[in-house]
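For reference, chains read A, B, C and D in written order, and residue numbers begin at 1 within each chain.
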Amino acid sequence: MIDFLIGLFLASLIVALFTSRLYRLLFWYSLNSLTLGLLALFIGEELDDKAMLITGIATIVIKAAGIPYLLKYLSQKFHLVRQIQPEIKVQYAIILIPAILVFTFYLSEPITHMIRSGSNDIAVSISSLFLSLLLMMEHKNVAPKIIGFLCMENALFLLGITATDGMPMLVELGIFFDLLMAIVVINLLLHKEEANQ
Amino acid sequence: MIFYLFTILILLLLAPLLLSFIKALKMYLLFKKPVSVFQGYRNFSKLMQKETVISEESSRITRVAPFLVLSPLLVTMFFLPPVVHGAFYVSFVDAFTLTGLISLSTFFLMLLGLDSASAFGGMGSSREAFIAALVEPAMVLTVFSVSMMAGDLGVGQAGVNLAMHFPKAHMASFLFAGISFFILLIAENGRIPVDNPETHLELTMVHEAMILDLTGVYLAIIETAASVKFVIFASLFASLFMPFGLQYAAPAAMLLFVLKLFIIAAAVALIEVNTAKLRLFKVPNLLGIAIVFAFLSLITFYVLGA
Amino acid sequence: MFQFDTLSLVFVALIVLGAVPNLFYSSGYLPHIERKAHYQLHYFTFILSMLGVVVSANALAFLLFWELMSLTSWQLILTEAKEKKTIDAAKFYFIMTHFGFVFLLLFFLIVTDGDLETGFASMHGIAAKFTYPTLLFFFMLLGFLSKAGAVPLHVWLPYAHPEAPSPVSALMSGVMLKVAIYGMFRFLFDVLYPWPLEWGIVILVIGSLSSLIGVLYALSEHDIKALLANHSIENIGIILIGFGMGMIFDSMHLKVLSSFAFIAALFHTFNHMSFKSLLFMGAGSVLHQTHTKNIEKYGGLIKAMPVTALTFLIASVSISALPPSNGFLSEWMIFQSMLGSSHLDDTSLKLAIPFAIFALAMTGGLAIACFVKAYGITFLGLHRSTNAKHAHEVNFLMRTGMLLMTAVVLSLMLFTPFYIGWFDEVLKGLGHLSVYAKIFPDTVWNMHSVAVHGGVVSPLVLLGALLGVTALLMFAYKALKVKERIHHTWGCGYRTSAKTQYTATGFAGPIRRFFNWLYKPEEHLCKETLAGHESKFSSSHYEVHVKPLFEASLYDSVGKAANVLSYWVYRLSHFEQTRYAAMIFNLVLTVLFSYRIFAHEFSWATFVLEGVVMIISIKVLIIGDKK
Amino acid sequence: MMLALLIFPALMMFAVSFFKNKKAKFLLPVTSFVILLPMVKLFMLPKPYALWGSYLVADRLDTYVLLVSSIVGIGVTLALLTLEKHVRVSGNAYRRFYRFFAVFWIGLIVSILANHMGVYWIGLELATLSTVYMIKTNHTSAAHKEAWNYMIVGAIAISLVLFGIILMYASAKPVLGEDAMQFDLLLAHAKEIPSPFLFEMGFAIATVGMFVKMGFFPMNLWLANIERASFYPVAALFSGILESAVIIGFFRFSKIAMEVNYSHLFVFVFVYTLLTIFIVSFLIFRAKDFMRLFSLSGVEHMALIALFWVSGGTFAALLHFGAHAFLKPALFLSTGVLESNGKYRIAGALRGYVGKRGTMFWFLVSLFLLAIISLPPSPMFFSELYGFGAMITVAKESDHMLAMIGAILFLLILLSVIFYRFVAVYQSMKYEGKEEEKHVYTSEIFALLLFALALMALLLPQTFSYLRGIA
């Protein structure tokens, strides 16, 4: 089940790379976050770790529902461009993504022996980090970049949840706080943009 | 001691004679009516009686320089090798000092040339500087190699040593040194092919140009200096490169020495008759030959083993 | 922190001897400086820092004072920064000295194991343990020679020294360069002691080259201070020749000769300090009266400023190594030590050293020519410009400075044995043999070369003889009561005027023409011919400029290289504006890859694979395809 | 208790920044002057001093950094007093600036004092996000663009840092469990980490994040552009304070990495910094305006500090850090003055400052300019001597000595390229161009004086001994 979710996580991210519409992108992102949340819940109840459960719920509420909605609202408010064409050609992307996956597995090969939950999780999260970077670099407009950044956050969480069975509560809350802060700042920046225009 | 002073006196007296001897010989060889051998003394006495005209453009230098041109050469006279066996001589003074003294007199001569703001003076000094600069290294190297062969850096001592036991082992380097020194003798004394002391043509003027504006006593002093310089070089050549006859009794040795001087003078005259004056910018080639020979003599000396 | 052994003290003495007359001179010069506070602050700091360098006992202090010295001298050059030339010169000087500092720093860091408080004494052990002593030697050499201005690090000298105010250029050229020589003495003896033969040869070659090149470019100069600066290069070269001979003898186990050569080098160091300071002071006074450094604009100044002329003459005789001056004596010693090379039992070396002798002799000859030019054109003949016409003797303080420096020169000439004894002490302190007894075996009158059958010179006797004979002649002249008449110069009947006399350019003409292959001069000749006549012309102007070979070849090309490089870096670094994400992506990729390969297990296959992958991803992600 | 004391001024500032009336304009600087006092108090306290459990622990290192930062903060505030005299800034923006300055300050205190990777990261993120807004106080489209730029790049960098942190955490968790995020414990148990490779991977990623944030290769110019676009006090804050928050993180991580595997760490950092300095030196060689010049040199100095630190020259690194933290803001503030009269022209920028204030100004600025290229008696002179000393010692122990020495020589050559450029700039500022009347305000003079005094304080033997004690 967990592996399935991880797979789903990765898949949603990869699909997000190919979308050329903003709302579609938001949808994929929320799906991505949803899988992350579910992952947290499952692992949490597997090791009955309260903190993990809270994280999972928070993730689902904030990331899967809240932020996508907020972004959609903002994009409507400030008329952001919805037509987002990936800069990197599809042909390249097709080669790149598997290459990244292979590389990350090769990278995490020496650590297979050590952590309980296996090195594949680390591999997957690193690759998702790279993929979200890819997402950032293949778009010019602001909105997809923000989403890329959020995906990166997700990758972090994935790492935190799977590889290390959850970080200290404090840290996770702090990360959430910063995320909200980021959204606020983004909001302000967009405001200014309007003011300038 | 007597002989020492006597030799110096003789040389001083011989100095003008030698130069006018060269002149006479040249004229004779050119089928002209030769001047008297004593022309030099006549000129000297004549100049001593004339009044001195001093250029008003010139400065204090003109009044001092002539003496400073002559005096180093006179001092040099005291350091020459002996001509008579057992006579006193200053053994230790080395080549570098001698060259230095001669350069000192040249230095003031050049200043003299520049002092009377005439174009000719400047030209003369400039050329003299050029030649002197090239002569210096050859001079040092040559005398260095000779004193190597003689086994003493002091010139006087070197002369004696050479005369006492001649370095047969190093004949080659001895010869090379001789050649280069002879070239230097010509260059330093401004004889053809480097410079022509007779004419006042602009092309040929080196020494003459510098003293163009001197008259009377000053001119006499400078002329004397020139002749003394020639005598110094000649006697150096005589006692370093014709090192024989020192063992004879005093008068014979002295005569022999004077004879040597005249032979050298004759050689110079012959060369002057048979070669044309070189262009100024060809002179370095000649001096180059001197330098090369100096190097050669040193190197052969080393290679054949000291 | 500080130490006062004989070497330090001797150099302290050198600095004091150089600085005290300079103080008078500079206080006389002060009224003509605008930024007085700036000037004086840096002036005194400069002197103090030089003292600090020679007495400091650990690397930290040494470097601190060294850098302070550079800083202050740089600021002093900028004291009267009016035109671009000065500013560029200052910049050039500062970067060169910093370049040297880099190597010094490395040298010190290596010989102190990174702990700069360690004293010089304990450095020797560390240096001995170091695997590549020659590396150390070259670091030190570059460090000090860039300050001393030896070929090929000499190019800044003719630019920097002339632009400074005259007292400062006297200090820089006379004293600061010697501080570098001090450094060589200190660290070659204390730290790097047993020297391989090659080191000595290297220094000897550098010395010979510097002496020749210095004097040659001095001859081609029209700027009197630049001329003197070039002569500093030459004299540093001569000092280095002595130094190199000393090292060679030492590594050939001829200790006596080596001490002799080192003493000669030290002696010449002192002499150069004295007469070069004096010359710069004289040049300064002339400049101060005529407001130009161009030697062509002088002439006939001996009538206007007799004191300057006299002191300048003495200094010129001394620097041209004419007997019986002190310059002659030190060069004589260096010559003698070179002639001592006949004792070497290494034929190839024996055959090589005559070339150094040749270089030194040639230098001597050219130096004479150059100073006849400098003195003759400046002080003799007719004034070549109105400024020169209206010049008059400088104020009392400046005169005092010059006279004091003359006294120093003369003292070096008269009390040679005393000074030699001193230098002998130094060498004893540095663990070499004492040769004073060999140089002055019986009396102080005769100065012996320590080589077997070496030559002898008796400075005082020579001096006495010369003075005596000259006096005698002049007395005779007086006794003759010759009639004298003052009249214009005859000059073959041509009208003599300021225009007709020889210029400096003309004077150096033959020599310049002979060394054309080296100078590659650029000549400008413009001529107003009358009605197309070749020979008849109303006015004509000829000038020739020589750009030093090294600058043209070495320095300019370095500058060009830097420019090109920076241009490309600039272009590359602008990718980040648009493609930062991709750049970071590739960066992380590379780093992780390298860690994986180098830190975990290395195999060429994976290494090559990484290379390929990186290239592809950079091409695809950063560079993109052509529009 | 102490923590509250530390945070209090910032909170007050935050509160005051909402007052609309005129008083706020004077209240704000006053509050921001207060920030120094608790720092001093903290400085006096015995070390290590636990402020908040094991999360915030004050030791010698971070109190030093904090003290330096607060002094810089005060200097910047002083300069802010006359901001509107130089540039157009609305009172509203002014207050906002202070509001986010407060946030920034809190984040900074947290991240610097943190003894816990996570907490450190949170603080850093807070500081970063707040600076984004500070950039925006300047109402230009350039500023806007740069703010977005900073937002995105900063976000990437920060995320990388967190990613690395989590990896390190993961690597250490089997040994330490939940406490694997505490620096001191990690340092103590670094040797027992089961998978050094995982840790190193984490360290590498985190370091790349931090280096990008400090503007190392390949992101050399983005900081420069941001500082150009925003008001000069922001630039001062960046170079003086924010980078110190980043570098202290680097200090802590690298300390642990040293324990794990020294040679890997050293090679990695050495190559990276060498590359950076190579690029930066030639960028400086071409730099045409003050802002870019100074921010690039800031990058260079940060690289040097990192290099000194990893090569064991703790003292050198800290001294250099302090010197840079004082010098760079001072230069940026003076840049504000220089550019406000007579735009980006370098030639003659220092001329025409007459009167007591003017003379003082140009004198101080030239002092700073000459100090930044580490001419004696600047602290940087000593720090570089010691730092390179440490590097040489490492080189002598390593088994590729010649290569290392060559690399160090190369580094020194690059530094002298920078040196050359700065000398050129200084000379043309002081001696070229034409003279024209310019003016400067007292508060700025005070700011510069403050920095100058701080620099001198760095040279005191007590400071030296204190810094030596930190190692």
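Note that a residue touches a chain if its C-beta (ideal position, glycine included) is under 8 Å from a C-beta of that chain, and two chains touch if they have at least 3 such contacts.
It should be emphasised that the depicted structure is a prediction, and the values quoted were computed from it without experimental measurement.
K.L.:
Considering only C-beta pairs in contact, identify the chain pair with the most of them.
P.N.:
B-C
K.L.:
Could you tell me the distance, in whole angstrom, between the mean C-alpha positions of chain B and chain C?
P.N.:
36
K.L.:
Round to the nearest whole Å and give the separation of the Cα centres of chain C and chain D.
P.N.:
Spacing between the chain centres: roughly 43 Å.
K.L.:
I'd like to verify one number: the distance from the centre of chain A to the centre of chain B, where each centre is the average of its C-alpha atoms, in whole angstrom.
P.N.:
Whole-Å distance between the two chain centres: 101.
K.L.:
What whole-number Å value describes the gap between the mean CA coordinates of chain B and chain D?
P.N.:
For chain B versus chain D, the centre distance works out to 79 Å.
K.L.:
Any chance you could list the residues of chain D touching two or more other chains?
P.N.:
152, 156, 197, 201
K.L.:
Which parts of chain A, given as residue numbers and ranges, touch two or more other chains?
P.N.:
Answer for chain A, listing residues that touch two or more other chains: 107, 110, 133, 136, 145.
K.L.:
What parts of chain B, by residue number, touch at least two of the other chains?
P.N.:
Within chain B, no residue touches at least two other chains.
K.L.:
In graph terms, with chains as vertices and touches as edges, which category applies: line, ring, star, complete, or other?
P.N.:
other
K.L.:
Every pair of chains that touch: which are they?
P.N.:
Applying the touch rule to all chain pairs gives A-C, A-D, B-C, C-D.
K.L.:
Within the complex, which stretch of chain A touches chain C?
P.N.:
88, 92, 96, 99, 103, 106-107, 110, 126, 130, 133-134, 136-137, 145, 148
K.L.:
In the complex of these two chains, what residues of chain C are touching chain A?
P.N.:
Those in contact with chain A are residues 579, 581-582, 584-585, 588-589, 592-593, 596, 600-601, 613, 617, 620-621.
K.L.:
Note which residues of chain A are touching chain D in the complex, please.
P.N.:
The touching residues are 107, 110-111, 113-115, 122, 129, 133, 136, 142, 145-146, 149, 152-153, 155-156, 159-160, 163-165, 167-168, 170-171, 174-175, 177-178, 181-182, 185-186, 188-189, 192-193, 196.
K.L.:
Quick check on the complex: what are the chain B residues that touch chain C?
P.N.:
Residues 48, 51-61, 64, 67-68, 70-72, 74-75, 78, 92-97, 100-101, 103-104, 106-107, 110-111, 113-123, 125-127, 129-130, 132-137, 139-141, 144, 148, 151-154, 157, 200, 212-213, 216-217, 221, 280-281, 284, 291, 295, 298-299, 302-303, 306.
K.L.:
Name, in rising order, each residue of chain D that touches chain A in their complex.
P.N.:
Touch list, chain D to chain A: 55, 118-119, 121-122, 125-126, 129, 132-133, 136, 139, 141, 144, 147-148, 151-152, 155-156, 159, 162-163, 166-167, 169-171, 173-174, 178, 181, 194-195, 197-198, 201.
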